[in-house]
């Protein structure tokens, strides 16, 4: 518990020091969505129809980009060796770093999402669903991401390999996240997507720290 | 010239050693498009309308992901110091590494693009335009990317920072690339987008190696 | 710092380690008690680093047992980690944090006291660098921060991989003093080294002796 | 290897270097001719690494001139790079390439001959490791590959940053032999070091002497 | 259990199984293919194109099944550290990817006449595509490390984590209303006629035995490759 708090505190401190890290995720999110709008062209009704998908997909890609460094820097400078020897449970280390990741990027995405959605003319009745689905979904992305980031430590092609591993694992979150927003756009009140997102979150919360811990043990070997 | 060939050869050799690197970029490209389709849902006519934008945006994101490591590995293990001392012009170093990047990722994207476009029901008359625009556009992406990758060397948040730098620079390529495909879909024979893409390529080819060289000099200081 | 430790014994029996499909060493035994030091010797590539990481529980042993007071350390790796301090080829100094913040983080994780930080900084003449960010340190300064981390975190067993690299003369004698005091207080030191004589009283273990055996064992299992 | 070099002179006048806004040293002069060696001494953080990188044209000097046979080296940095070989704290060994492929790449870039590779491998007892991938090398083995790169690429000026770190005894005497031969052939060696005596004939430059000046100059410019 | 973990003993069994598996596979193909492609009745709706089913459906089932085998052996490998289990997983991956690819290709060939398009982003199709990517990811991760053992363990962990996708592939038709056919295998038995069930089962058998036979061949190759790696390394390192 002590080490959990210490790691969380240090990671947040590093994030604040490396000013603008949160800003960068938000920036990527916004720019990628903008580019997308450029690529597709300005027909408003096409955009409104796509808005939930675009927001969710871009959020996911933004989360993905920031993941690679979650453990990589600690791995390269020897900090990870030390953390594994600190007496802390490796699962607690994974959980602390995941929480720090979510607090710096997930929350940033939550803040940026309404603005991006607005630019894609998301119908007003869907904002609640968008925020709720992101709130339930992004922690799962961080948790799964932690396992992926731990798995690719020391591999040759971190970034692209990580995407290849994670995108399939992310797809359920994306599907149900977008479905929740879609439902709200069409005015179908449905709790299924939220239930599934919640279930995925609980599942990830119980399994990912352990899987991540095993991956970390292998990484320092 | 000798060092140009030597660097190109070594980078290609490393790419072959790290088997499947090309496959991975293609994989990312395809998966990102898949996820997007998931997020947006299965309405075919929406998709056909979007296809050019999706293909171009995803190609761009795939190129972006593979860029981060273009110089980073050489920087971290001291190889970049040695390359700067090898007697070669730094601009030749940049050009060799850019060419290697394009040969391993740009070409892979060219091969994967028709399949992704097919899945989004791109009208058949537009494939020529898609390929031609990618052929003209992707080298520019690699060139601009090299400058970006050199600039973020040694910074703390390479990945996201790089995206933030590059996405605005990439937007002209994206806009005209997508416009070329759009034109072909609508049957408007127009040479303007190609002319602009070609112009951008020539401009990038003359400026980027030098800008990249300056960035590398600063990086090793 | 200046903890006094109870008597303890750390030992390995019939250890072997495989890296990348090849046995690095085999049939290796060692034993060390409180107050003792062990210096690992052997030419480059003989397996000193591998053995140190194995002792720390980082590398995976292929066979043998590693015991602390008779109990297998692999039964509780986090516990084993908490009683040792390891300084490897990498210094684990965060560029964005100041020297003091770097050490404070480890004190925080380990629960050691903050006054120890100042003592450790002083022992390695780092006090005047305490507020500099890790990024601007020279190789030797960074290495001294890593050694200060070891000195500070109250572990009984110190595992040091070529600790004298990059150190200047002042730092060498500081290290020697810290090591001797640690041994007097009942600590243990295992240290890989190529020839310095920081600890004249130490036992030595020449890792080279177990390479030949490793090759033979390998050939047998392949047959 | 075993190139014979023409007479040349490498010198620096009134050099100062600023890193992260702080003067590391100032008013530093040095000169070295073919066949001579210069050992840089000074405590950790005194600026040895900085000076070596400055001599190589990697770091940016804040003032002063660096000349080769009287010509400012900054007029043509690629040319200067091609007449020197640098081995810093990082070894520049690619994990995915074999030892031989690593060296072959540098030979390729430099245009040096491939037979030199074998000689360099032999000089540092690396021949039996030639086909192993860089990733499996131990710290000392990797460092020896870096030294072999220096020995092989036919440069007159060798800049070595603490080259003795991580080396075992055999490698130390191999390095000594290679250095002596290089000097006999008219080469130049500048080497940062903390106390070994590989080159008894070398001139020494204590970098510490220029720190004080640096501080004063810093204060003056701040005032 | 420990007996099976010994590669030599395990390969003895595998080699004994091989001729049977290979023989049965060939037999099922010889009997099943003519029935499936020639003598079985055309569908009243789909006509002759229904024959694609006899390849498509077994390939789809094998795609999921092989992944399940992979996940299970990976678990055994991670928990009991039996290398043989991992080698089974590693050897299965390309075969599974091949079956999944075959399902995708035949599905696309079938979709053109049936739905008038090669591909739609429907839930089942997409989830099958994702399974295919999981296979690719597994293979890529296993090869991405300088240290083989490290890649082995990372890939095994991925196989386990990725197994959450299997139910999605299977239940996707029930969770979303899609273009794709719903299950022919349900609580009530088969929902298609017996004349179609027989060749279908024969083809499933053929595919199963084919998998076992190819798996044995690949196991031999993997074990040999591991031996060669060690031998070469020792040779290089000892000079």
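Letters A, B, C, D and E mark the chains in the order given here, with residues in each chain numbered from 1 onward.
As a convention for this text, a residue touches a chain if its C-beta (ideal position, glycine included) is under 8 Å from a C-beta of that chain, and two chains touch if they have at least 3 such contacts.
Everything quoted here is computed from the prediction, not taken from an experiment.
Listed here as common contacts of subunit A and subunit C: E. Greatest Cα centroid separation from subunit A: this falls to D. Over half of the residue numbers at the subunit A-subunit B interface are used by both copies of the sequence. Contact tally for C-E versus B-E: the pair with more C-beta pairs in contact is B-E. A separation of 37 Å divides the Cα centre of subunit B from that of subunit D. Between subunit A and subunit B, the centres computed from C-alpha atoms are 24 Å apart. With centres taken as mean Cα positions, subunit D sits 45 Å from subunit A.
Subunit A and subunit E have Cα centroids lying 31 Å from one another.
Residues of subunit E found to touch two or more other chains are 126, 130, 133, 136-137, 140, 144, 146-147, 233, 237-238. Counting only residues that touch two or more partner chains, subunit C has 19-20, 89, 96. Among the residues of subunit A, those touching two or more other chains are numbered 18, 76, 156-157, 161, 164, 167-168, 171, 175, 221. Applying the touch criterion to all chain pairs gives A-B, A-C, A-E, B-D, B-E, C-D, C-E, D-E. On subunit C, the positions that touch subunit E within their shared complex are 19-22, 215, 218-219, 222. Residues of subunit D touching subunit B in their complex: 56-60, 78-79, 81-82, 84-86, 88-94, 96-97, 101, 105-106, 108-111, 149. Interface residues of subunit A facing subunit E in the complex, by the touch rule stated above, are 144, 147, 151-152, 154-157, 161, 164-165, 167-169, 171-172, 175, 203, 207, 211, 214-215, 218-219, 221. Interface of subunit D with subunit E (complex): residues 95-96, 127-133, 135-136.
Across the complex, subunit B meets subunit D through its residues 2-3, 5-7, 9-10, 13-14, 17-18, 76-79, 81-90, 220-221.
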